[in-house]
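In what comes next, subunit A is part of two complexes: it sits with subunit B in the first one and with subunit C in the second one.
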Partner chain A sequence: AGMAAVLPLLLPPLLLLLAAAGPGRARRDALREELLLSPLPAGDVAATFQFRTRWDADLPRGAVSHYRLFPKALGRLVAALGVRELHLALTQGFWRTRAWGQPPLQAPAGAELWVWFQPTVTDVDKAWKELSNILSGIFCASLNFIDSTNTVTPTASFKPLGLANGTDHHLLRYAVLPREVVCTENLTPWKKLLPCGSKSGLAVLLKAERLFHSSYHSQAVHIRPVCRDASCLAVSWELRQTLTVVFDTFSSGQGKKDWSLFKMFSRTLTDACPLASQSKVYVDISPKNKEKELLEVTPPPASVHEAIVQGDKRTYAVYDLLSPLLFNTSRSLNVQLKWKRPQDSSELPTPILHAQRYVSGYGLQTGEISTLIYNTHPYRAFPVILLETVPWYLRLYVHTLTIITKGKENKPSYIHYQPAQDRRRPHLLEMLIQLPANSVTKITIQFERALLKWTEYTPDPNHGFYVSSSVLSALVPSVIAMKDVDVEQSPLFTSLFPSSDGSSYFVRLYTEPLLVNLPTPDFSMPYNVICLTCTVVAVCYGSFYNLLTRTFHVEEPSRGGLAKRLANIIRKFRGVPPL
Partner chain B sequence: VTDVLTAVALYLAIQEFNKVVFKKQKLLIELDKYAPDVAELIQTPMEMHYIPLKVALFYLLNPYTVMSCVAKSTCAINNTVIAFFILATIKGSAFLSGVFLALATYQSLYPLTLFAPALLYLLQRQFIPIKLKSKSFWLYTMQYAALYLCSLVVIICLSFFLLNSWDFIPSVYGFILSVPDLTPNIGLFWYFFAEMFEHFSLFFICVFQINVFFYTIPLAIKLKEHPVFFMFVQIAIISIFKSYPTVGDIALYMAFLPVWSHLYRFLRNIFILSCVLIVCSLLFPVLWHLWIYAGSANSNFYYAITLTFNIGQILLISDYFYAFLRREYYLTHGLHLTRQDGTEAMLVLK
Partner chain C sequence: SAQFQLAVPVAVVFAPGSVPGDLPRSLPFRDVQEMEISVNLRPSITSRYEMVYRRTTAQEEAALDVATAREADAALHPLQDASLGSLTMYVVPESSSLLPQGISVYVGKHRSALVRAGGGLVALRTRLQQLTQVMSFTASSISAALSDRVPDGQLGPDARRHLKSSLGYEITFSLLNPDPKSHAVDWDIEDAVNRYVQPVLDKLSLVANFSVDSQILYYAVLGVTPRFDKESSSFLLSAHSLPHVINPVEARLGSSAASLYPVLNFLLYVPERSHSPLYIQDKDGAPVSTNAFHSPRWGGIMVYNVEAPASPQVSLPLHVDVDMVQVMEVFLAQLRLLFGLSREELPPEFLLESPGNEGLADWELDRLLWAHTVENIATVSTTLTSLAQLLDKIGNIVIKDDVASEVYQAVASAQSAMAELAAGHLHLAFQASKEAVTSSERAFFDPSLLHLLYFPDDQKFAIYIPLFLPMAVPILLSLAKIVREARQRKKEPTKMD
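Moving on, here comes the complex of A and B:
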């Protein structure tokens, strides 16, 4: 609160200073780019690109007109709609936590958008709708399908990742579109937002035909306010563009787990982005099981960086693209990794927290959603917040919600449940569950499937309907104490999530999305159905009309029609008395 | 428990009704309104003695009642309230009848149409003739209407005070009238609105809701001498055309069928209709299972059975209506009709 009061006082002298400094003034925005290559336990390689633009400007006041490194589309968006934090992720594939370890930054399959608005925004829903439509245009994704039927307001799960004055959760909106497909036309506008585009720096590796030939591809945009310096008197805006891709080198590398930049991306690095103040490539060479080198990295790294990431001590080989020594020997940098001997695959480490979710039941009437959460820490218990968003057409029976740990019932210490309204909003279930050490927690809830109107089905209704991933947020206790990181000095991948204290690190996991079939009406029948039902109603109307408006009369005999005369002739032949 | 209460209420109601019918018959015989050769059509106390018991048993042992009891449906409570309403009406207590009708309307909107038969019966009981110019007619009508509306308003305000908001009105009555939920049931309209073009959905919702309320006035005009039969037909129409019908509603009007068992000789299609109803009831769960669980049938199968079942019900009611009107004709015009030339005559509706 003090910051907001100080800001108007700081601004005029700051502007004067900048104007007086002249052309030799310090730049107010900075770009850092980084690529992290980490071999995953199961033999795949994860490559995480991060492009961080920090801009010392006061975006909400709209006092800026000159955009340099910060993309104008996003800057105008933040200023016009009063956005405080924006996180948009487009993902294809699923991060297999059990096989690949804890993800640095995971996103659910499809499109995920969560936004914190400024407290000055009065109509948050209107701003949310405008925002999703504008983003849909910027990123060529169908984010305009985000509406009230898939937007929720979580109360505990998505706390702000940047600076925040207060956390009134009515300013938060979260939506997932699990059906969204990510392809080249989403990558191109994402690349366009980078200051160097895809022409130099690390972004030259982002070739669509190799990136989408992978097990997992996730591109994200994160905008948040950060402290300008250690004293935190002023606010800067940080834009991080991250792209995580997991290649399966085992199957494509003829059975050998060796990989290189050229094999993965079909390009090599030639230079750093001229606009970047820092451009580095980190390769994770942490020794597993404390053995001597299992792997060899070429070219030999200029320096080695050690960091404690996600509770583990890790060693990274660092290649600084801005240092002149790097391109002395060869014009391009092709980082290669060779395994000296095959890794013992029975020693795959399991991550401390992982989860899976599945749907069970038979038939098209009822079903059950089960979530299994594993805590593999040998002696520490910790709580986890589970957020589930279920569409309205799967009617949850909350009285069947059971949470069982080690055979006993586990009562969550915080439950927030918002029931769905037909065609208006989805179910929201948030729970804070304590996970005992070395345990499996099973959460089950039963649901019933609704019959929708025929226009509400997708064009391929028998494919099924997606239930978006549930979100698990936890502070996982770490074995090694972690120091507070200085954002400017340390690698980008260590400063994604703010750390509150050194004994635990923040992890956000997503479970699998579910595919559920709904009973379908026959889509070829609308006219027939209308006719038949109206016929039945007409039968009733007709009979009642007859009985109500006509009275009984004694019948005057008629000579009989043609049919009767014919019948009489036949009867005469048979010898039977006539009608 | 509610089923037993309903059965008891129906038993007492029909007992009372029998007395009324008998009295009326006697009056009409004394007034010589009946034709001379209709002795076999007149109901005797002997055969009418067991009718209340039959009604109660019909209700309790009806498989539909058993099914709705097993499903723990609130339909049983609806039926109880309507049964008490009928009991109160037949006993002649306008106050209780108004209160129970308000309760029934409060639960689901459709018993509103039962206001007309109840009014007619009470007028008959007070010996007030139904002439539009008669002051006593309007006075009594106003009294009864005021009673009913006041109790309804009291109940709604009670709900308001319990909930502290008016949200329950769109949730309850708006839901019944606008049919947003399309879960398959034994009625006609779930599939209709599932396949409806969006442009026309409001129009057809209005049409179907009007269809339920629409038969009240013509039936009131035709059956003003026989309000209890009117009530029976009205309950049947409600249970066929309401937006979310259940088998419990069918059980309620089927419980009345023994009261009109003397119409048996005039029913035209009773055999085929009872076969249709029994076969359709048996096929409902089979085709539901095939559609939802086995996946080898379509929703069309279940929909077809819905259509057939409802046609069966409609034809059953209209058959009983036909038989009732025909018996009335015979009562006033004699059983053996002769034409002008003395031969046996046929009776037709013209």
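Moving on, here comes the complex of A and C:
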């Protein structure tokens, strides 16, 4: 759009002047933004941003095409492709559950996409392909590599998070690209979807050079239908953009665990996004180990919020950016946290549910995938759904599947196994396993490595092939009974996953991705062979050619050249008659 | 290749008392006029006007017996041949009071016109010819449609303004509010679209599919800092800085991810408080009355100034309700411009009826169809030619059966489109040309035809260099030897002498 021309408009009386539009109607969309800062047990700090746009409109009907806060690109996508629920996460790094505790929102390393389609969608696979291609364009990610070889349809692990009547899992597609590297080019389009961009509000803190200089970075987009009000007669659409980042302040702060917004983001907050109806910063100041408060947050928070999050009672200092009092004393908000005395980093509180996965075995033919699932709850057993997707080139031997808890075999109450088809679809293994109290469950399965065709190897094949994280979904029993709270009033970080009842809470964990070496040929070999055979052929050809074209004629004996004289000298030494 | 002929059926209807004395035959009779359109193109394009001269029927006579031309136009509409592209011209007596003083041609909302008789057959013929061109196509409208295939020098400055013919268009209205802290801008776009844009698009739905949506973008700024003018205490954007305005905004507009149709952007820019009021200056430095400009093949931008509050202590943000009538007038005019529907300079005795709320007269739709049909056929021929060139370049490319059938389909449709054009069936020709475009694009963009899938020949040579190089050594050596010996043999006879 380079050229431009001033338009001298000679307007014919095109429009009959009609009465002006009616008075401003009630806004039907609202934005809430929120930042949760939580010091992690190991001395790191996790910052979780959530931006929620709620739109009281029926998106998929296609009737709505006038967008205000909801981004048009995503809205059109949902309407055009019949998406009921969309969850996309792009993650760099791995959330260390053992050291950092239960994550507010975890995602597997790389890219994860799971989508529920509307029942009206006839060809789900086609819509899924189209969707991943378009998303790949929107987010500058390699989601276009999602195809049938890495897509599965889980039957139990991924239930709709929003409103849903009927959960026919044929409408669900799930894919993970563990190789995906997440960087600035993925963050920029993500920020562009925010109504305020990164110009004001909490998003000013999202500076790429700091965010990617961290131990863990995960950005996500969740779109789902929700109830418009308590009576739930109408549907609203919710877009949640979340971003979690973990800073290692301990090593960068000379062994001190103190941190501030400025230290982490090299920015401070000056205002709220003018479009937001709520803009809050929460700081987790829950006392650890039932001791007296060790933390000191400055500036002193205006209010304190107490909530039961993930089965634990937590205390949060709350800063409301929309309250005029906050910016009265100083022009910017730089939340700081100091530890009153050096904290003995004795034992870390272990999370109730965590897991570990590794690949074992030697050689390039067979191997074994082992998953360890820990339940550290002292007296309650609970079930967990494990989802494994393994690429087709690792051929699983299902008869070797063993699940052992406390030395005894643990029989899963539900197994869904879909075997892989070469170059068509991956293995899918879903199991419902009961975890006894205070136990470790070991799940092992053996596999054989397949030989790939030479064009199927990824670039740098000697690096290895990734196997995506396995997914654990569980309702973990809560230590403290939870109260039913109004979702609209509670902070955003508590309200993505629906809570079923007061005694347990939903947790979804991802294990480490695996890196498996496959038998890799020497890719330069074909060229070497060509070179070698060509040289041999050329030498043969050369001598044949010489033989055929050389003219032989008798030459008068002469004293000969230098070579002959040399040869004669040597022959003389050897006592052989000269030539 | 084949003759490119555009036939326009024209009916010339003489009202009683308007028949010129020097008619060659008695009414009714037929007559054909052919004209070459001077576009430097192969195949050349000829236009063919198939004129039918006849007298008015009783019904038409009654319809013409009204007070004004507008009423006559409305009354005549149900009596006409309703097919696209066909024109009816009513010749009224010289003394008729239907046409206002000084007006000799009146073009109605539909496919008919009223022409004042007088000056004999030759004068009438020139007038009719001029009128036919206005209502169907002119050489310039056809060459504008082919602007991508005509060398630069032959085109006027506006020729490349028109949107390319496409099966669909997406129209996006964006409200840019760079300063949401001071201005809370609301626009009732839904109502405005339904009221003003939809009637036009309903009419245009014959040409292409349209989808309309709108969005509000906050903190979207123009790429140019406007200049402050002390005299008028306002900010000015000069015409030469306008090209730089669009690029930074465009990054925020968002692409049309869900479809492949071209997007028409209409931006309403509410300048930030520190830069208001903002006016656009034309090349002479005078402010542009509409405060808007358009960018060819892209869309238009309008600056909407917010009135400064009377008292400075007013609480921010200031609530602004956009006057959509004012905005839509500009945007609709720009929409017409982008589709090449701007009304050309006409002699003063021509009077064009305003299209009313539909925004578009029937004959303007025909003009668009003529141009788009020609453009579609030209596009098909270019697409198929480049496909053929690709196949010539890569000899071992695999053409699948479905690609081949698409190509056959495209050729057949294009041929039928040309045949229908020559027969004067505009609607059928346009449909066929659309089908031809669809099939040719499908064939051309078939993923199996990606030329990267095929080894270029130079790489094959690179692989075989280890073979060819050592083999070349003895051959070259013996060639050198032959040359040496030949030279020696040449020298030897001279020695003998």
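In the analysis below, the second predicted complex is superposed on the first by the 502 of 579 C-alpha atoms of A that agree within 3 Å, B and C clash if a C-alpha of one lies under 4 Å from a C-alpha of the other, contacts with A are read in each partner's own complex, and residues count from 1 in each chain.
Assume a contact is a pair of C-beta atoms (placed from the backbone, for glycine too) under 8 Å apart; a residue touches a chain by one contact, two chains touch by 3 or more.
Since this is a predicted model, take the numbers as computed values, not measurements.
So, A:363: does it touch subunit B (first), subunit C (second), both, or neither?
first
Between subunit B (first) and subunit C (second), which does A:537 come into contact with in this model arrangement: first, second, both, or neither?
A:537: touches subunit B and subunit C.
Per the contact definition in the header, classify A:546: touching subunit B only (first), subunit C only (second), both, or neither.
Once the two structures are laid over each other on A, A:546 reaches both partners.
When the two structures are overlaid on chain A, which partner does A:197 contact: first (subunit B), second (subunit C), both, or neither?
It touches subunit C, and subunit B stays clear.
Regarding the shared-chain residue A:77, is it in contact with subunit B (first), subunit C (second), both, or neither?
In the superposition, A:77 contacts subunit C only.
Where does A:529 make contact in the superposed view: on subunit B (first), on subunit C (second), on both, or on neither?
first
Output the subunit A positions appearing in both contact lists, the one against subunit B and the one against subunit C.
Touching subunit B and subunit C on subunit A: residues 530, 537, 539, 541, 546.
In their complex, what parts of subunit C are in touch with subunit A?
161, 172, 180-181, 186, 188-193, 195-196, 211-216, 218-219, 239, 242-243, 245-247, 250-252, 254-259, 280, 282-283, 288-290, 292-300, 317, 319, 321, 323-325, 328-330, 332-334, 337, 343, 354-357, 359, 463-464, 466-467, 469-471, 473-475, 478
Could you please specify the touching residues of subunit B with respect to subunit A in the complex?
Listed in rising order, the residues are 180-184, 188-198, 208, 211, 215, 218-219, 221-222, 237, 240-241, 291-293, 295, 298-300, 303, 307, 310-311, 314-315, 318, 321-322, 325-326, 329, 337, 339, 343, 345-350.
For subunit A, which residues are in contact with subunit C within the complex?
My answer: residues 1-9, 11-18, 20-25, 65-69, 71-73, 76-77, 80-81, 134, 137-138, 192, 195-197, 199-200, 271, 274-275, 527, 530-531, 534-535, 537-539, 541-542, 545-546, 549.
Looking at the complex, which residues from subunit A come into contact with subunit B?
Spelled out, the residues of subunit A in touch with subunit B are 362-365, 422-423, 450-455, 519-522, 525-526, 529-530, 532-533, 536-537, 539-541, 543-544, 546-548, 550-557.
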